[in-house]
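As written, the chain order gives the labels A, B, C and D, with residue 1 at the start of each chain.
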Amino acid sequence: MSGASHDLGYLPKTRVEAFSDGVVAIIVTILVLEIKVPRLEGDRLDDQLLAALWHALPLVGAYAVSFMVLLVFWVAHHQLMHSLRRVDRNLLWLNGLFLMILAFVPAPTALIGEYPNAVAGSVLYGAVLALAGLSFAAMRIYITRHGALLHEVVPAAAARQAVRKGLLSPILYGLGAALAVVDTRLAWGIYVIVPLIYILPGAFDRMPHQSLD
Amino acid sequence: MSGASHDLGYLPKTRVEAFSDGVVAIIVTILVLEIKVPRLEGDRLDDQLLAALWHALPLVGAYAVSFMVLLVFWVAHHQLMHSLRRVDRNLLWLNGLFLMILAFVPAPTALIGEYPNAVAGSVLYGAVLALAGLSFAAMRIYITRHGALLHEVVPAAAARQAVRKGLLSPILYGLGAALAVVDTRLAWGIYVIVPLIYILPGAFDRMPHQSLD
Amino acid sequence: MSGASHDLGYLPKTRVEAFSDGVVAIIVTILVLEIKVPRLEGDRLDDQLLAALWHALPLVGAYAVSFMVLLVFWVAHHQLMHSLRRVDRNLLWLNGLFLMILAFVPAPTALIGEYPNAVAGSVLYGAVLALAGLSFAAMRIYITRHGALLHEVVPAAAARQAVRKGLLSPILYGLGAALAVVDTRLAWGIYVIVPLIYILPGAFDRMPHQSLD
Amino acid sequence: MSGASHDLGYLPKTRVEAFSDGVVAIIVTILVLEIKVPRLEGDRLDDQLLAALWHALPLVGAYAVSFMVLLVFWVAHHQLMHSLRRVDRNLLWLNGLFLMILAFVPAPTALIGEYPNAVAGSVLYGAVLALAGLSFAAMRIYITRHGALLHEVVPAAAARQAVRKGLLSPILYGLGAALAVVDTRLAWGIYVIVPLIYILPGAFDRMPHQSLD
């Protein structure tokens, strides 16, 4: 600490990476805790349970969509960290902001699962994921402006292109949030498609591992 | 990212492994959160509490069974990863699908613990574990078809045999789910026996660590 | 897997260690989730809240005691693993059994925190911790009988002594559970003292790091 | 264990570090579980939901503040561990005490989020964070008195200065808790500002990474 006998000007990248991995692993796993056991009473337990499970289908769908989105973010985050040589103080806090928003995702996931037709919930879900995308884009922009953090120099044109691509997912999530006002099913369509763009092989696959760029 | 100065065509296996281990460690540990403290009021607290604990016995049983199943999957997953030299994009998402299904297990566990006699819950429990087994089998099949991911070439006959064995557990879980319609106790019998097949020493033990193969 | 081109007869100790550490880290951290926010309504919010916080004091005490117990088990487990050269199949499942019991601790913790005067809860708490201690002792006994797993040969007399010492904590917890039938406060006394025996410097300190031996 | 063929007098620092990192990663991630989905019934779902989300704003604010505080503690803890050569038995338990208090933070976070105007909740929040800061200061004081644990000798004057600085955050949190009695908004002001002191670049930035010293 004071006296700084060890060089603390740069934190070891590996610890930030491990910490972020841990946080994402926990987020995806606690998503399931939002799916509560229904309280059933009285006769015809099985009929009641089937009705409750039917009612829980949107929650299971929301679980699967959020799980996919978080995995895509994890892969993208992993690749960003992989390109780094070190992490400075500002990047550490930008990463913290990104994790803070990502760790919030279970809350709107539960909300759209419980009330799939409510506009406010669908807007919030898209808004939170757009913010997650924006905070991730902020990390990318910061890194391109502080090339010394990178393993290798990235040409200015390539860096600009990466930043532009990084804005695709927040724009799509913002669009989804806006469409939710018209019809929540349109928003859901967007929310299901966005992670699949990065997961499914296809046009994007020709650019291997461009996840969320 | 773009420009791909680092080879991102293959993700480091160690991170996928650590991430998967983390997810499984969290799943087994949050299982207990499904066991809620009973709300008791009025007189004779101890009598009420004993009744509540008696009522919670199936939940504790479901906890133990799911804990065992998840440990068996963890060992099997660990061994599969151990045989790999690297992880490609498709395997990454197959692994994500496997984790998504596994991370869902606490929900049906709570369901069969709370309503042990309900058919729908017992069917769901078996179905989710069958899906987990199938998604794990899908990883194995993918790997045998992409031998470059493996440390060493596996003879075609041995690979086919491994895939066939890998289908044993989803078939047993599917059978359990089907038997639940007849009598939920039959399903429970299957669900208790399947992990024990892999855990208890015996016939299977002559094939050391063939867990869930 | 099949064909066993890699030696899977012994699992890497480091992964079992990391997995166990992860499980314990999660157990201690989710303990707090058993402390629920009180539902308050109407006037005089602050008076109500103070009353609710007063009511929650045993829960906070139970939280602290379980946190300590789990840390002591973690240190003891760590030391046991440290003495090992490798982990075989049987030890893997014994370790799984130990973790399964340990991961159950949040449930009786919430129970004795919520109903500190209920005999059944206090008995259950002691019984679960006695079982955890017994399963840990089972690991130690197994290891002393399979010396090839150890880094160095332990003299038979020393091994027997370690096993005997390892039975101290389950015996104390069993005693606590028995005393709970007389008076739950006696049980609490035991439950508070047992982890402190290992934590506080004193007579035990002359045997450095004999935690839970 | 007994016989101590391996030197267990000092635990490997890396495991304590990894364990602590894991606990903090879990704490920040389960914070979101305190934000519950509102129970809505009847007509005008969207109006009800908007009202519920408005009501949940303080909870989201409390989530963000606690997330920041915990990240700052994590960075400070990381730096403290980085300066160490090894961890002895006493430091292990001091670290356990620090983690125990930190892992408790989600409870008062939920409390001030749910009842932002209640004095008792605001006092408790500040008190818990002051205790966390004090237990962290205790670790620092212990280390300065046991220089053999450090990588390099720290001059006595610098060590005293570090300890004095380390008392800044518990004093500020104590002040916040005291101000809560006057007006809970004053306390919130303090609670928001303290982590920002360490995060925002500025006067403190000239001392790079002096987080929470």
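Just so we're on the same page, contacts are C-beta pairs under 8 Å (C-beta built on N, C-alpha and C of every residue); 3 or more make two chains touch, one makes a residue touch a chain.
Every value quoted in this text rests on a predicted model; they were computed, and no experiment measured them.
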item: Minimum number of chain-to-chain touching steps separating subunit A from subunit C; value: 2
item: Degree value of the rotation bringing subunit A onto subunit D, based on Cα positions, nearest 5; value: 90
item: Remotest chain, subunit C as reference, centres from CA atoms; value: A
item: Same-site or different-site touching of subunit C by its copy subunit D, using the half cut; value: different
item: Distance between the centres, which are taken as Cα means, of subunit B and subunit A, whole angstrom; value: 25
item: Separation of subunit B from subunit D, taking each centre as the mean of its C-alpha atoms, in whole Å; value: 35
item: Where subunit D touches two or more other chains at once, by residue number; value: 18, 22, 26, 30, 33
item: All chain pairs that touch each other; value: A-B, A-D, B-C, C-D
item: Residues of subunit B touching subunit A in the complex; value: 1-6, 8-9, 11, 15, 18-19, 22-23, 26-27, 30, 33-34, 89-90, 92-93, 96, 99-100, 103-107, 110-111, 114-115, 117-121, 124
item: In the complex with subunit B, residue positions of subunit A that touch it; value: 18, 21-22, 24-26, 28-33, 35, 37, 40, 45-46, 49-50, 53, 60, 63-64, 67-68, 71, 74-75, 78-80, 82-83, 140, 151-152, 154-155, 158, 161-162, 165, 199, 201, 205, 207-210, 213
